[in-house]
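Two complexes follow with chain A in common, the first pairing it with chain B and the second with chain C.
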Partner chain A sequence: MSVRRALTIVVLLLSVSFPFWGSPYFVGRIFTPALFLGVIALSLSLLAGFGGMVSLAQMTIAGLAGYGYGYLTVTLGQPWWLGILGGLLVAALAAALFGLIAVRSSGIYFLMITLALGMVVYALANQNRSVFGGHTGILGIRAPELFGQSLAERTVFYYLCLGVGLASYAYVRYLARTPFGLALQALRDEPRRLAALGYHVALHRVAAFTLAGFLAGIGGLLAVWYNGAISPTTIDLTRLINVMVIAVIGGLAYAEGAFLGALVFVLVTNFASSFTQRFNTVIGLVFLSTVLLSPEGLSGLLDRLARAVRRRIRPGAALPQRFPTE
Partner chain B sequence: MVAVESPRLETAARALELQGVGRRFGGLAAVRDVSLALEPGERRAIIGPNGAGKTTLFNLVTGELRPTAGTIRFFGRDVTALPPHQRVRLGLARTYQTPLVFPRLTVRDNLYLAVRGVRPWRLSLRAPRPGDPEFAVVAELAERVGLRHALSALAGALSHGEQRQLEIAMALASRPKLLLLDEPAAGLSPAERESLAALLGSLDPTMTVLLIEHDMDVAFQVAQRVTVLHEGSVIAEGTPEAIASDPRVRAVYLGGTHGE
Partner chain C sequence: MSWPQFVTVTLNGLTLAALYFVVAIGFTLIFGVLRVVNLAHGSFYLLGGYVGWTVADRTGSWVLGAVAALVAAALGGLLLELGLLRRIHGQDLREALVTIGVSIVAADLMLAQWGGFTYDFSPPDAITGGVRLPLLGIGYPKYRLFVLAFALALGLALWLLLARTRLGIVVRAAIDDRDMVAAVGIDVQRLFALMFAVGAGLAGLAGVVGGSVLSISSGEDARYLLASLIVVIVGGMGSLPGTAVAALLVALVEQYSLALFPTYAAIVSFLLMVVVLVVRPQGLFGRPA
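And then the complex of A and B:
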């Protein structure tokens, strides 16, 4: 059994049994937000790690799903399922549009364009009252109720987030092996070559951006159910950057990194804020030390540790068969 | 110089036809007024000193660069404005002067993407299964270029020569009607050159091949006709023997000291 598989089983057992032995505070206030933030950050890992597209707009897209859900269910009084469909549709469409605007650029320009798009939506949300509710946003947003049970109840909501988190994680790992995912990794490294094999590179980038937007939208729905409200602050510059910080701390190229980074992020913001006002400084320091000490993030660090352990146990074991991303 | 003037009606039979093709980079005319016609199944070599515009000409044919003048026809169809991926789907494949493979994917996945590239559902969201017919094609291609043993290796870990072979296999994966090879023998060991020559010799005789070769010996071994490019222009075209004894070619290309 590989170190990785053993670790997976341990993490699974711990996370599933967590509400039975973990404190309500940790279940509800630490792990639950870590899971939905992880899903949003995962949408960035997917884009950046596989597709080489570092987007700063993932929180904007997640927020738009939240706005869509809030507008439909609260402002228009529609049922929750319509809110979910509408929210995800808005996220996917916004992502497709952002993708169309941004795909022709790359690297730092891609980053700046997605940032600019995020700021445009932020300004729009602040100014528009009829749909976005202006500065106040939309209040009184409720999670769906199933069989008379609100999904927002702490333990139920934890399991919902855990289920969605695990499914998203499994899906992204699956995606890496599909023609879609392979072509995405291929265009990250040699877009010219991919075009010379018959692939429409720009279209594929837009498709990937849309898919990632859908994923971010799922995370955005969980977030809005958790918060019960949405306002422009949810998608301000700091929140946009937080997604990047989370993904980088965890390790951009690792699907699990999104969740690991989110957990560290939530822990630091919660505990640092109890003894200092400057938790942004603390997060900044964690971010910097990650980038300096382990550019591949915490997942990269763990990966190297696991390999070291394996070499100890079985010297001369074959080279690791990790998924070939850096 | 051979003028390529032919009635419009006959062009449908040509595998590739360039008419007055030019490309400028700012003030530099990298390719100027090139006219060229390849019959289906023809093996043509383009030679010329460094910077003559050979690679630029390839980029114009594949669509990676748009010409600033002229038209390009592929089996009679005007493809001048067609983007690269659509030309590939019509049956045009290439290799690059510096091998271009996906370094962080395995040889198998490199070939798999190449096989999928010209098929519908190339962006399927379903993971392939080991029994899928594409993998039989992948194995066959790998076998053909001697990379069967390396299917699970990362393409970035292959030697230069192996990457070349992989690239050729990727180009063949689309079953092209026209194959463009940009200096396929460059950087290969003598043994690798031999297997390359054998591979090129084993290609489907109906496949049209256009290859750039710096090395006249290799070019003359594969090609029936040779086109000489110099400073962006075609200065000679003919059989290898005629080219080898052409005084202008000797002057500009073979480094002959006396011109005319």
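And then the complex of A and C:
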């Protein structure tokens, strides 16, 4: 059994049994948010890792799913399943639209355009009362109830987030091996050659952006159930950047990095705030040192460490496979 | 829209354009010469505003405050370039990420230092109060007219600098092809440091000039970062005339739409950006990448 597989099993066992031995605070306030933030950050890893598209609008898309759910269930009084469908539809459509606008650019241009798009949506949410509820947003959003049991109950919600997190992680890993995933990675490396081979470059990018938007939308629904409300603050500049911070700390090009980064982020914001008010400075410094010292993030660091150890033990061992990088 | 309202909205648009120009021109210069997307640009605006307010408050001189803002932000920019960015030049995504990190830390430290309060400036008496505009027949704040004149003067000075001086030639050459500029023996590292200081300094100065129109408080960094982004996306990244035209376009569109349909004004800015990107992805004055 490989080390990797053993590690996977250990992580799985620990996370599934966690509510039985972990403190309620850690289950509800640390790991649960880390999981849904991880899903949102995963949508960025998917775009950046495969597609070479570094988007700052993932939180906006997640937030739009939350707004869609809140508008349908609270403002219009529709049932929760309609809210879920509507929220995800809004997220996917917004992502497709953003994608159409931004895909003709790449690199830092893409980053700038998605950031501007995200901030425009923030301004709209702040100004518009009829749909977005203006500055207050939409309050009193409730998670669905199944068999008389609210999904927002701590343990239930933890398992929901865990299930969604694992499923989306598995899906992203699977996607990397599908023809579509392979085409995306090729697009990231050699768009011109792919175009010459007859691939529709822009269409693939828009499709990837829409897919990632759908994923972000799922994370956004979990987040809005957790918070019970949504307001423009949920999608302000700081929150947009937080998704980037999470993905970069964990390792932008690693699917597992999204969750690792989210866990570090939630831990730092929770615990740094108990001894200093300047926890944002701590987060910023962690982020800066990651970018400057280990651009591949924590996952990259662990990967390098594991490789070094393996070389010590078995010189000439096969290089481990890993999530593609730029 | 009645005539006086139309004139007022137009003038508001023009003064806002002036402000956007002063903020965004620094962003454009830094991007044009260094190829760095400085996402901490809004932080320099805010830093300038706070430092300028503090100095003006201590000394009683608004002009001294403005000078201090310029110097403080320029030093901040120099520090960012020499301390962090120089080591990773050429990796544009990483550079953008570093500026994001700096903006997080800077926003938090400035919040710690100056708190969540709103600070009001008091510009010199000569440029405060209202003035009755001849021909147009409406009253208008003198200070806003000063902002307009200031931006025009700054634009003219920059144009003269770029068109008529040796430094200007080097800067324009660097925007076109910085490798070639380095190859002919010009110290580009010094040029980069200088441009970063100038760009950040202008943002800091804008913090005082713009902060005096309304006020300065935390959160303004995000607002002016967005303005800079939209202006350079519309105008074309790295193009100086593009920045001027786009600042005018973006600000006028914003003010008219705020006056006509206030709850959807953000959509109009969005549409403007979208239309430009669809028709000319490189921006109005940008060259194809």
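Quick note on the criterion: the second predicted complex is superposed on the first by the 321 of 326 C-alpha atoms of A that agree within 3 Å, B and C clash if a C-alpha of one lies under 4 Å from a C-alpha of the other, contacts with A are read in each partner's own complex, and residues count from 1 in each chain.
As a working rule, a contact is a pair of C-beta atoms (placed from the backbone, for glycine too) under 8 Å apart; a residue touches a chain by one contact, two chains touch by 3 or more.
Owing to the predicted nature of the structure, the values given are computational and were not obtained by experimental measurement.
Residue contacts after overlaying the shared chain place A:His204 against chain B, while chain C stays out of touching range. By the document's definition of touching, neither partner reaches A:Pro24: not chain B, not chain C. Looking at the shared chain after the overlay, A:Gly163 reaches neither chain B nor chain C.
More residues of chain A are touched by C (comparison of chain B with chain C).
Shared-chain residue A:Thr281: touches chain C; no touch with chain B. Of the two partner chains, chain B is the only one touched by A:Pro179; chain C is not. Applying the stated contact rule after C-alpha superposition, one finds that A:Val245 touches chain C and leaves chain B untouched. Judged by the touch definition given at the top, the superposed model places A:Gln127 against chain C, while chain B stays out of reach. Remark: chain B residues 62, 64, 83-85, 88-89, 93-94, 96, 100-106, 109-110, 112-114, 116-118, 121-128, 154, 170, 173-174 touch chain A in the complex. Chain contact summary for the complex, chain A toward chain C: residues 54, 101-102, 104-105, 107-109, 111-113, 115-117, 119-121, 123-124, 126-130, 236-238, 241, 244-245, 248, 277-278, 280-281, 283-285, 287-288, 291-292, 295. Taken in their complex, chain A has these residues touching chain B: 174-175, 177-180, 182-183, 185-186, 189-190, 192-201, 204, 207, 324-326.
Residues 37, 39, 84, 87-88, 92-94, 96-98, 100-105, 107-109, 112, 222, 225-226, 229-230, 232-233, 237, 262-267, 269-270, 273-274, 277-278, 281, 289 of chain C are the ones that touch chain A when the two sit in their complex.
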